[in-house]
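Take a look at these structures.
After this come two complexes, each holding chain A, first together with chain B and then together with chain C.
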Partner chain A sequence: MTDTTIDTARLQARKRIRNARISAFVRYVVLLAVGLVMLYPLIWLVGASFKTNNEIFANPGFMPQNPTLDGYIEGWKTSTPYTFGTFFLNSFKIILPKVIGTVISCTFVAYGFARFDFPFKKILFGSVIAILLLPNVVTRIPQYILFRDLGWLDSFLPLWVPSALAGDAFFVFMLVQFLRAIPGDMEEAARVDGANSWQTLLFIVVPMLAPALISVALFQFMWTMNDFLGPLIYISSVDKYPVSLALKLSIDTTEAFAWNRILAMSVLTITPALAVFFAAQKYFIEGISAGGIKG
Partner chain B sequence: MTSRRFLGLGYLAPYIIGLLVFTLVPFLASLYLSFTDYNLMSAPTWTGLENYIDLFTNDRTFRRSLTVTLIYVFTTVPLKLAFALFIAYILNYRLRGINFFRTAFYVPSILGGSIAIAVLWRYIFATNGLVNMGLVGLGFEPVNWFGDPTNALFTITLLRCWQFGSAMVIFLAALQSIDKSLYEAASIDGATKFTSFVFITIPLLTPVIFFNLIMQMVQAFQEFNGPYIITQGGPLKSTYLLPLYIYDEAFKRFDMGYASAIAWVLFVIIMVLTLIAFWSSKKWVFYAGDKRS
Partner chain C sequence: MARLQLHNLEKTYGNGFRAVHGINLDIQEGEFMVFVGPSGCAKSTTLRMIAGLEDITGGEVRIGDRIVNDLQPGKRHIAMVFQNYALYPHMKVRSNLSFGLRLAGVPKAEREKAVEEVARILEIEPLLDRLPKQLSGGQAQRVALGRALIKKPEVFLFDEPLSNLDAKLRASMRVRITDLHRRLKAEGKSSTVVYVTHDQTEAMTMGDRICVMQSGNIMQVATPKELYDAPANLFVAGFIGMPEMNLVNGRIEGTSFHTAGQAITLPDHVLARLSAKPENAVLGIRPQHLKLSQTGLSARLKNVEFMGHEVYLYADLDGAEIVCVVTTAEYDAMDANADTIRVLPDPTRIHIFDQDSGTNVSLPDQS
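Now for the complex of A and B:
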């Protein structure tokens, strides 16, 4: 009697292990299949950028038959008087001030929300959530008129200034959530020791907030690099084009047969975002899990 | 203490200025403009409800655009969320290499919004592009992706579903926080994997499903880059989503009043759907205990 019970128990245990193995196997197969289908277009893109034009629409494989740098060399020159070098420089001229402005202004605002009490705090924090959900499409036209009246059209100011005034509510929200999770003991101690709120922010809060600030900087970098509609509306001179507009321009102006140039430049424009992601993926994943994110 | 009260507001100063100048005033201004005729050259002239009446009575482009937008949102958002949840569920297991897969699946989300990827999409769905080469290789008929109205919209849906990474990471974090003992208790009571998924996993995930639903919906209604680059709104305006129509009216025809009216219709639709989601959430979103997650 006891023997049979032990036997059934053993049998069940063995069955459970077998089921677990099958389950793991099925999961791997699904993950690999999905991963391959998802990443193949990107892999193909990289291969295709080294192919000749004829081969792009003839060879579904990754490896180019006659690898050539033609796409890169010709694509880099563009059909404008400028090279892609100018456009990359423009992109970075937009990105750098925007990221710095975002990090500084959002730190101040998040610190204010998380550590102080003041009149209308509830309404103001409510407005952060409201901006988060507010479709930009409603404010875009008057913003354009405002920037036109200020004489800011065809400059980078419309892209910089709203972010420098903590306009990206998502980052404010994320930093407030992050700060609320950190106990205020250290700041209290600093205050007792005579530090003012500004010193407390700079020497105590900012170092603790550092990982979250890195996430903010990385996301803003990536989004600005990918941003298309903003530059499309505000930038009109070709010499100020960022890479996203330059790429669109090259589709419109490149002769219909020079696909490899466009694909080669596409590879170049996604490289900075990819490099940053792989160098700092931990911050991306933590950032999304912490705040929940669009994208 | 009073000085400290105002100190908080001091730290908020940049935000308050930005809120007024770049959000609140433009928000009200666009409502006002939607009741005017304004071409940037002369001052806006008040026309009352004319723009709205025009939109709903004799603008066939608007009706087409609105229909296409609704079809796009109601197919893309559920597909994307279902796919994200499916992959998160598979990943939520003690698998070796889970970090590798999580990273790999997130890569498209890093790049998805970029013009480069929209360009890539144009090539892989071209008549003799990568997708059709694959289909022919597998013995299927090639598909005319951009020539057929239904297919063209679907390529944009596919592009956005391809970027399921953010929703997946949020689902995965929520799945990992579910107490394993719940599943053990259920399996002792004879529940199968499927019943525990339906009766334990899904209810505990409703807060993040709700969050993802709202965020993805607001975003989908504003889709611009995909149709602008990949299909240019065509064929037969089948991918002419409302943001494209607003862009053309505002920045190509400089009909700011009319464009504002379209923007407000879009805004009201998003608002109403968001409010329905919030209102109905009391019935279907389950917050474990008092802990709001």
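Now for the complex of A and C:
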């Protein structure tokens, strides 16, 4: 009687384990398949960048038959007097001040909104949210006229100055939400310890805000790297083109498109963003899943 | 070391809510003052006004001979221990302790010496290089205490510092804090303390004096013994003491107190002490001062709680719920099937309150 019960129990346990294994196997197969589908264009892009121009259209697979660096070498030279290096440098001339400026200015603004009471705070914060909801296109023309009148056309200034003055409502909003999730006790303790508002911000708030700030920097980095419309509108000299425009350039000026060069340069273009993302992935996830601070 | 005075202190919030109603309090140098009261009684708000974390709407706070109303918290020579420790999560214990000194521009060597000293007093030396998240609740609380101690403030402020700890740890921390206070006082160091709690055990065991608050008003300021023996009003009578004081509504007629259906003769010394003879009176007697007696008031037994060394008898006395604490032996001697008990108050321990104003009209010093 007891033996039978034990046997049945064992059998059930074994069945449960087998079912769990099968379910896990199915889950992983589905995940892998979907993951592959999503990643395939990227894999193909990398593979195709090593193909010859003819092979790209002849061979649908991603493995090049005769791998060649031709695309990279020719692509780097570009059809302009400048190498792709110049365009990379231009991109970083925009990205660097923009990212640093965004992180600093948005921290200040978010700290103000999250921790201080001042007149018209509600209306001001409401307008921040309103800006967040406003389509970018709406402000393009007024902004263009403004920057033209300032004499900033064909310079990098219109591309990074607005962001460096907390012009990106999304980041302000994100940091305000993150700050709201952090209890104010630590800041009060700092005030009792003798810190003024600036010292509290610098020594207490910023370190606690670090994961969110890293996310902000990453987002800004990737979005700026990928930004096409901004440079297209404001930059007219080729020597100031960032990579996003330079890629388009190689499509425009060649009669027969050298796809392998374009693809090779595309691979190079996405490399910094990917590298930065993977390096900071841990903080990035911590940053966007706000409120993960233990009291 | 400094005296702390609150003068007509008021707090009104932006939405018109009046949290603190002009309180006056004089806390002596080196005194351990406990603010106690139910949640929402503004004890924490008052503490935060003293600390400078909350704006003062009216009145003044004086530390030593300075009015500190408009001073930043850091300039008030105070230190505060928060309920959830509020340690800086990204700093090691060592930096947590010395942060205040660093801001004050104290040289590094001196800072380190101070850290070592405080760590020794609080026995947290092995923890100095840990991050707050690597500490247990009790350790974190000791570090928070150390952060206050290291500043050598004139006034220590504690905001329910033990309420996040488990019961056992709370008891040991309680002893540790009072011990520390006594030691500092003996050494002539700064030791004026304001300690906020909602736990009356903490209040009774730690405070030199206790300030009982309700809805932004001070109900009574007295030593623990005075609060227990001579509560000034119904609120204090009901708040202090475990289980709560029994309060029975009735009238005084002649020399006796009448409940709905029964009467008890009041002893002469109680009658002599009465500062007023209220129309609607409340008789107050602590559960420990009710004795089982054949001549006492009759009450219907409702519930029995066995506490180990004593037994709580819950009974209904003409509509008023009363509790009587008896020893286990007394309980064993009772008739097991009895559904009524007869209880007699200890005549020396009877309080008479005015039901309308709530004041105790039988206080000895008012006779």
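We adopt the following convention: the second predicted complex is superposed on the first by the 252 of 295 C-alpha atoms of A that agree within 3 Å, B and C clash if a C-alpha of one lies under 4 Å from a C-alpha of the other, contacts with A are read in each partner's own complex, and residues count from 1 in each chain.
Everything that follows uses one rule, which is that a contact is a pair of C-beta atoms (placed from the backbone, for glycine too) under 8 Å apart; a residue touches a chain by one contact, two chains touch by 3 or more.
Everything numeric in this text was worked out from a predicted model, so none of it was measured.
Engineer: Label the relationship between chain B and chain C on chain A in the superposed model as either fit or clash.
Structural biologist: fit
Engineer: Thinking of the overlay built on chain A, is A:Pro183 touched by chain B (first), by chain C (second), by both, or by neither?
Structural biologist: second
Engineer: Contact-wise, after the overlay, does A:Arg191 reach chain B, chain C, both or neither (first, second, both, neither)?
Structural biologist: It touches chain C, and chain B stays clear.
Engineer: Could you tell me if A:Pro207 is touching chain B, chain C, both of them or neither one (first, second, both, neither)?
Structural biologist: In the superposition, A:Pro207 touches chain C alone.
Engineer: Would you check which partner chain A:Leu69 touches, where first means chain B only, second means chain C only, and both and neither mean what they say?
Structural biologist: Neither chain B nor chain C is touched by A:Leu69.
Engineer: So in the superposed three-chain picture, is A:Val138 touching just chain B, just chain C, both, or none of them (first/second/both/neither)?
Structural biologist: The first partner, chain B, only.
Engineer: For chain A, which side has the bigger count of touched residues, chain B or chain C?
Structural biologist: Touched residues of chain A are more numerous for B.
Engineer: With the two complexes overlaid on chain A, what is the closest approach of chain B to chain C, counting only CA atoms, in Å?
Structural biologist: 7
Engineer: Which parts of chain A are touched by chain B and by chain C alike?
Structural biologist: 293-295
Engineer: What part of chain C is in contact with chain A in the complex they form?
Structural biologist: 51-53, 72-75, 78-80, 82-84, 86-91, 99-100, 103-104, 133, 147, 151
Engineer: Using the touch rule from the top, collect the residues of chain B that touch chain A in their complex.
Structural biologist: Residue list for chain B touching chain A: 4-19, 21-23, 25-27, 29-30, 33, 40, 87, 90-91, 93, 95, 101-117, 119-120, 122-124, 126, 128-130, 133-134, 137, 162-163, 165-166, 169-170, 173, 208, 211-212, 214-215, 218-219, 221-222, 224-225, 228-229, 243, 246-247, 250-251, 256, 259-260, 263-264, 266-267, 270, 274.
Engineer: Write out the stretch or stretches of chain A touching chain C in their complex.
Structural biologist: It comes out as residues 183, 185-186, 188-196, 199, 203-204, 207-208, 210, 293-295.
Engineer: What residues of chain A sit close enough to touch chain B in their complex?
Structural biologist: Touch residues, chain A against chain B: 23-24, 27-28, 30-31, 34-35, 38-39, 41-42, 44-45, 48, 56-58, 60, 105, 108-109, 111-113, 115-119, 121, 124, 127-128, 131, 133-146, 148, 161-162, 164-167, 172, 197, 222-223, 225-229, 233, 244, 247-248, 251, 259, 262-263, 265-267, 269-270, 273-274, 277, 281, 284-285, 288-289, 292-295.
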